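In what comes next, chain A is part of two complexes: it sits with chain B in the first one and with chain C in the second one.
Up next, the complex of A and B:
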């Protein structure tokens, strides 16, 4: 029996939604399932609705939901339209009388949308309209029980409400008590009170109808967020220097490295220009260096990117893409920095842009980025959607591969830092091992500033040769192909849309193939791969389709503009739209 | 129902859970609908207040406007100090 579940855990921001979601993901991973969890939260610190969306038995999110664990009334009002018939709803009993007008934190726009359709409806009235398996927990009573059981004031046990809700929900979904217990112990190793909370919540629902799920595959897996996956991959890549300026979600990655840094130098710079400047300095000195940021910070790094190109300094810039422009929606996902990444820096700023589709690819792409940066002395921008950053997923333990440390040969007598070579790549030695000049000015082979037209032309041609050589190196690995040959439709996309598209083409009635672009600069030639109509799917206003039009036709562009992740069912709708002849499909899934 | 925690001057509502709050007298959580012998009438004063409907701090000058709109106003709000997991940068 294949287990395929879509679960949401909702509550107010600050109520432990992330912890509850992580407990659920860990529990299903312990049970041996492929599991993926994505957190959606507001950019304010506390109070607003946030939720965790979990997929069990797949790596893409799908609707409708099979279960909703709602820690407050707002979560039910927000998600009830996404519940399938006979879905499990776990909620607080005291919230059932609440009317939509009585939810202080709900956004005016959402409240008005609900009131327009249903009027000022109460939760009870909503639930009467739906066929659900409602489990209303007496949260206040459970809290009292826990307080008495552990002989502690309620103020010190009230923060276990999230554990109570998720424990009851997971138990009803068929997970056994010992698995839930293990997951809670991993989440909160030093807080036994949570285990008591779990027991009390499970006791409350013990006599209710439960689903049954078999054991999944044996073998422990790692459970990591995208930020952690990238951070660990950088540690495996033997980085020696990391600088950053705090920004969502890059800080999570940087702090993980800082906490586990060993001998790595980590610096929180005063701004992003300095962060990249410091990292370039470290790279010139021979260290494997990297920075991490997101859109607004990357804007500040632009001047330094040009410097890295001109001075031929290896550097890896991790760029987490949020919903832009400007601060935009700082904690939500987007793919709006694609063109910014490719065209960053002024002048002929040749660089590599790599896009990862999920956690596993991110783990592969980190060492690849360093390899390309160092082999070709060039900036590499590794772009990842915010969706990947805070999503939690199960990963095989052997995914990480070490990258040997940078090695340098003995300096020759007459060392030329910018020696003109056939492939454009000059010998790299760290400053200090040989005499050299590194500056932002155009230069001769030694690095001395020069405005001589012949030298300028030679250096331009050298950098062009280098980039052509790089393009040749990566040409076989620039994109992945999924699905059928001679399909009726070819979907082209990049980044975190991958898993939703891969799953959609497997179940689509229309024969479809998918070209997932992995390296976007140098841009791959995919013209030979096109079959049937061309559908471009992207979470921006059409940046990839703009690039594609240089090498192939694009019949339809499906755009996800609401700063939410792409769902499997949306891809199916986009395919239908493209086949019907629509030029543009707007995908609006998610709350 | 006139003298439950919700109406008591010792009580602050929880920022997230509607049914919960914090009693400054007992120095512990208590439920919105509970009663006890320590009840004191709530007096709204001070520079800032908490509007539960807007889920935000308001200045005393805004009090009348919120009250007239039917909003529930309290002297403050209870936020658990252990909510660090939710704090993110801009």
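Up next, the complex of A and C:
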């Protein structure tokens, strides 16, 4: 029996939704299933709607939902249209009388959309229209029970509402009590009160109809967010210096490294210009250095990137894209910095841009980024996005590979920092090992400023040769191919859209293949790989298709513009649209 | 090591009579007197006339970008504490475009020395008002009189937490060298505001203008007189204004070994 579930857990921010989601992810991982949990939240500390979308038995998100665990009325109003018939709905009994107009935290736009269709409807009235397995829990009563049992006031036990909701929901979905218990123990250092909350909630639904879930594949697994995966990969890569300025969602990565930093120098800089400046200083001094940021911070780093290109300084910049332009929607996803990453920095600023499709690829791409940065003394921009950053997933152990520390040769008599060589790469020595000038000005081989036309041309050609050499090195691994050989349609995409597309082409009735671009600068030539129509899918206004037009035809561009992740069912719609001859398809899935 | 050890064969491109020559001579003499191995001497320049000093003193130097010498120097010093790291840049570079970094360095007390080549103009872009130019002044190349108030580098340094604050005058090479020696010997963030005429573009703050006003502090002030001396305007005191030993940034960061196994264990489910 294949277990395949799509579950949402919703509530207000600050109400423990993240913990509830993590408990669910961990519980299914303990049970032995592949599980993926995406976190959607507002740029808010307390009160706004937040939810976890969990997929069991797959790595991509799909609609409709098989279950919704709603800790408040707003969650039901937000997600009820995505429930399949006979889905499980766990909610608080006291919220059933609530009307749409009675929820001040709900976005005005959503309230108006619901009211336009249904009027000022109450939850009860909505639920009458749907075929659901409704489990309404008397939350106030259950909390009172817990309060009496632990002899603590209601105000102090009410924070277990999330555990009650998720425990009841997971139990109804078929997970056994011991598995849920284990997940709760892994989640909280002080799990006692939460275990009691779990018991009280499960007792309440013990006599209800339950689904069955057989045991999956046993074995130890890691459960990591994208930020944690990248952070740990950097620790394994033997980084020695990290600087950052707080920004969503990159901060989570930086703080994880800081927490486990050991001898790694970690600095919270005064801005992103300084963050990259300090990391470049560290790299010049011979340390393996990195920064992590998001779109707005990356904008500030631009001049430094150009400096790193000109002065030939290795650096890895992790860029967690989020919905932009400007501050945009800081806590939502997007792929809008592709062109920005490739063309960052003024001048002929050659650099590497690597995009990871999921956590596992991110773990591989981190050491690759350092390797390329150091071998070619060039900036590497590793692009990921908020969707990967905050998604929690199970990963096989031993995915992480160590990268040996940077090594330097003995300084020659007359060291030349920018020595002209056949492949354009000059031997690197850190400052402190020889006299030199690391220079942002055009320079001669030693590093002295020079405006001489012959030297200028030689140095330009040196940097071009170096980048060509790099392109040759990566040409075999710059994209992955999935799907059928004789496809009617070729989908091209990059980054976090990967798993939704991989799953979609497996179930698509139209034979399709998928070219997933892993390295976007130097841009790969994929013209030989095209079969049938070309469909480009991306979470921006068409940046990849703009690049693709240099090497192949693009028949249709499917764009995700609503700052939500891509769903499997949307990919199927995009394929149909392209086959029907549409040039553009807007994908609007997600809430 | 003799002063000649610190010379390079680059042609010095400053205007004849420029205050930068005084700084160049004094700095070469100071590092020579301290016997700093050129390989371990790191000058980090910003962008502008004065920042080109990185080409004229033999070292393991960095010519950075405008306003950003301090972050790069900070990264270098944190990474390799055995290097002597000196930032040299103009008042526009350090106190204009790079002011945020100037403040942050003081807050961190990283062992980096900042030499402000303070001539109150942007020379290399041909004479615009710098952050230390008094308001109401119209210099030769300016379209109209300065509408900005002048910034006081010493007060800003003091507020930012610099643990060594001094002011010097570029044409008094011997005195300047003495102050540079003290700054380099100091453990922590040090700033030396070096007043210097720009012979081409600053037709107000000339050699004569400075030399009518400057005088040397008899001793390092203490208590309220620190601020009084920093704020003095009619006459311009020179010398060390403030000096204090404090833990540097590196010392504030505890060290331990990365335990990769425990990181993985924390994240493992079974």
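Keep this in mind: the second predicted complex is superposed on the first by the 590 of 591 C-alpha atoms of A that agree within 3 Å, B and C clash if a C-alpha of one lies under 4 Å from a C-alpha of the other, contacts with A are read in each partner's own complex, and residues count from 1 in each chain.
As a convention for this text, contacts are C-beta pairs under 8 Å (C-beta built on N, C-alpha and C of every residue); 3 or more make two chains touch, one makes a residue touch a chain.
Please read these numbers as outputs of a predicted model, since none were measured by experiment.
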| item | value |
| --- | --- |
| Superposition on chain A - do chain B and chain C clash or fit | fit |
| Touching partner for A:520 - first (chain B), second (chain C), both, neither | neither |
| Which of chain B and chain C A:285 touches, first, second, both or neither | second |
| Chain B versus chain C as contact partner of A:140, first or second or both or neither | first |
| Chain B versus chain C as contact partner of A:554, first or second or both or neither | neither |
| Chain C versus chain B, contacts on chain A by residue | C |
| Angular separation of chain B and chain C about chain A, which is computed from CA centres of the superposed model and rounded to the nearest 10 ° | 90 |
| Which of chain B and chain C A:434 touches, first, second, both or neither | second |
| Chain C versus chain B - closest C-alpha approach in the superposed model, Å | 18 |
| Shared chain A contacts, counted only where both chain B and chain C touch the same residue | none |
| Interface residues, chain C side, partner chain A - complex | 8, 10, 38-40, 42, 44, 47, 52, 54-55, 58-65, 68, 70-80, 82-83, 100-101, 103-104, 253, 255-260, 263-264, 267-270 |
| Of chain B, residues touching chain A in the complex | 14-20, 22, 27-31, 52-55, 72, 79-80, 82-83, 85-90 |
| Residues of chain A that touch chain C when the two form their complex | 26, 29-30, 186, 219-224, 228, 232, 235-236, 240-241, 243, 260-265, 267, 269-271, 273-287, 289, 303-304, 307, 311, 394, 397, 400, 430-441, 447-449 |
| Complex contacts: residues of chain A adjacent to chain B | 11-19, 41, 43, 45-47, 50, 71-73, 92, 94-95, 98, 104-105, 139-140, 143, 153-155, 158-159, 161, 246-249, 251, 327, 330-331 |
